[in-house]
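Next, two complexes with chain A in common: one pairs it with chain B, the other with chain C.
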Partner chain A sequence: MQFFGGSEISPSPPAPAASGNNGHMIYVFNRNGVCLLYREWNRPLRTLDAQQDHKLMFGLLFSLKSLTAKMDPTSAAEKGNLGMPQLPGQGCSFHSFRTNTYKLSFMESPSGIKIILVTHPRTGDLRESLKRIYNLYVDYVVKNPLYTPGSPIRCELFNTTLDQYVRGIA
Partner chain B sequence: MIGVGKVKQYGNVLDKPLNKGKQEVSLSAFAFLFSELVQYNQTQVDNIGELERRLEDAGYAVGARVLELLCHRDKGNRRETRLLGILSFVHSTVWKVLFGKVADSLEKGTEHEDEYMISEKELLVNKFISIPKDMGTFNCGAFVAGIVRGVLDGAGFPAVVTAHFVPMEGQQRPRTTILIKFAEEVLQREARLG
Partner chain C sequence: MPPVAPRSGDAIFANVERVNAELFTLTYGAIVRQLLTDLEEVEEVNKQLDQMGYNIGIRLIDEFLAKSNVSRCNDFKETTDVIAKVGFKMFLGVTASVTNWDADGTCCSIVLEDNPLVDFVELPDNCQGLYYCNILSGVIRGALDMVSMKTEVTWLRDVLRGDDLFELQVKLLKHVPEEYPYKDDE
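And now, the complex of A and B:
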């Protein structure tokens, strides 16, 4: 399994932020940990460089997923040891956490595509929105013959529709 | 298999009646198939021009067959002999059958006598495709240009057909124009017919 594919990802230039823009950042990872897309609209504080930032985010999600699966009081299935890589959908899936300054929402597709959206803390449940974003991904990225799966996303159409959609999320 | 119970299976495809009527296909299925066509051709060629030519050739085969089918099905076996007739046939009937709507506009070129343009805000084949910057002027609409060329060639109006992006102010996505340049003999024949 190849972790953290070696391609250089530089953050795409932020779209001009409308005053009603609630989304702060979005990450899209594939099942191997390659960051396919990182876009930011509103991120005043940046502490790490891009590569480390992506690794940190992916590692965080990996740990959170195994932790939540392990601590699940309702599941009767035999759980692996903490830290064992899990298939998408196995174990209970966490979908968001909230701090006093931001809310992070997460969705994993059956093919292992992870979508992370960071918004302001008052945002409601974003599971439907994440599903819509996954639909956008399927439409404008997967159906694009000029995109090779597993490489960083450079599709104009996806970027513009994504910006428009995130701007419209309440 | 989806749909296997709905259509009566004919032993020989030639036995199927041509007037079966129009059936619709899922857009996603077509998009994936077309995407695979483009990717397959990408592995076989070295440069963009060659890729466009291959897509056009694929479209040419479709155009030749579409012409025969539509002449039989929609036009009662009449054939067009005039330039404007064949152009409006392509603009309305062919577009309606292939894409479900007529083309946005049909214009005569201002600079040259032999140029005509069919414009579309967004070609159906390009709906999900964004061209990366390093591919320059490559346009998957070359497939549609090939279809038009196939129809025109089969009808006796040889032409050179290409697809171009025309940027529009106020809109993000450029409009697509299919440029049709007829051969000399077509214009001469048209002039003779009066």
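And now, the complex of A and C:
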């Protein structure tokens, strides 16, 4: 599998713009790994096709979660081998990581909805914002009687509200 | 940043938009009435109500989690407690209690004294087998399904059938572990 294309990646991006333009992209997955939503605002470099990209992102989160749980020094509970199936909510989880070029914030609801927001590396704590996005998802998607649960979200109203909200926070 | 404390059922109930209780009760009644006309068999109506409840439950869970800030329950006891104290309060405006635990903590009863769905209702002779509130058992089953608990929910007592209370038995069949959903790992 190819992770990086031939082009050079700059070591770190310029300082964040005042606000409104620092969100790169968002993913929403359900427990079955279906990508319910993908939106991008600012993504100059693409190395994989969309489906592979979604799969890679989901796989990254899944593995990272079992790694963080495995490494947890505080939990006395019996831990299985790395990669053992976990019960939902079992073990600990991470909420963000930062590289020199971006920051990835992550939240997972007990119902298995995963929300991933990729922003400028200097964005602050986005945990509350992700919860807010979860609330938007509930109001605009889940409560829409004509939306089929588990299917990709095609809802203009949700998209516009989301765009607006992300512009406000990052 | 300290985690936000879970909100109580009362606090959420006070904050959500509500509809007139009679409109709600009568709308539900109209649905059951229509199902009886369409399906004719009482057994079929029970099944259909349960299925409708299930479909509601798998959506309702997200609204419940988003509004209540409940993050994670340590065991099934806590789960049923949250359903009774927070869930029922938040969506129906009534509180339920949890009793009759079995020895290994996988089966209990949720008891409802007050149930807004059954105002105005009396079961006629030709509907004696009807579980009028079967939608509720479906909702609980659907919601718990989404948080990876397979359950069986059955009515033990029903005021409409001459009992003094509503009693729902919730039985935990199994916890479903989280697995990597993709088969081929290319």
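One rule holds in what follows: the second predicted complex is superposed on the first by the 148 of 170 C-alpha atoms of A that agree within 3 Å, B and C clash if a C-alpha of one lies under 4 Å from a C-alpha of the other, contacts with A are read in each partner's own complex, and residues count from 1 in each chain.
We adopt the following convention: a contact is a pair of C-beta atoms (placed from the backbone, for glycine too) under 8 Å apart; a residue touches a chain by one contact, two chains touch by 3 or more.
Bear in mind that the values here come from a model prediction, so they are computed numbers and not experimental data.
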Request  = Quick one: classify A:R127 as touching chain B (first), chain C (second), both or neither.
outcome  = second
Request  = Classify the contacts of A:T68 with the two partner chains as first (chain B alone), second (chain C alone), both, or neither.
outcome  = neither
Request  = Scan A:K143 for contacts with chain B and chain C and give back first, second, both or neither.
outcome  = both
Request  = Counting touched residues of chain A, say whether chain B or chain C comes out ahead.
outcome  = C
Ask   = Looking at the overlay, does A:S96 come into contact with chain B only (first), chain C only (second), both, or neither?
value = neither
Task = Once the structures are superposed on A, label A:K55 by its partner contacts, choosing first (chain B), second (chain C), both or neither.
result = second
Request  = Report for A:R154: first if it touches chain B alone, second if chain C alone, otherwise both or neither.
outcome  = first
Key: chain C-contacting residues of chain A that also contact chain B   = 143
Inquiry  = If we count contacts the way the header does, which residues on chain B are in touch with chain A in the complex?
reply    = 28, 31-32, 34-39, 42, 128-132, 135, 140, 172-173
Request  = Under the touch definition given earlier, write down the residues of chain A that touch chain C in their complex.
outcome  = 1, 31-33, 55, 58-59, 62, 85-89, 109-113, 125, 127-128, 131, 134-135, 137-138, 142-143, 149
Inquiry  = Going by the contact rule set out above, which residues of chain C touch chain A in the complex?
reply    = 1, 58-59, 61-63, 65-67, 70-73, 146-148, 175-182, 185-186
Ask   = Contact residues on chain A for chain B in the complex?
value = 139-140, 143-146, 154-158, 160
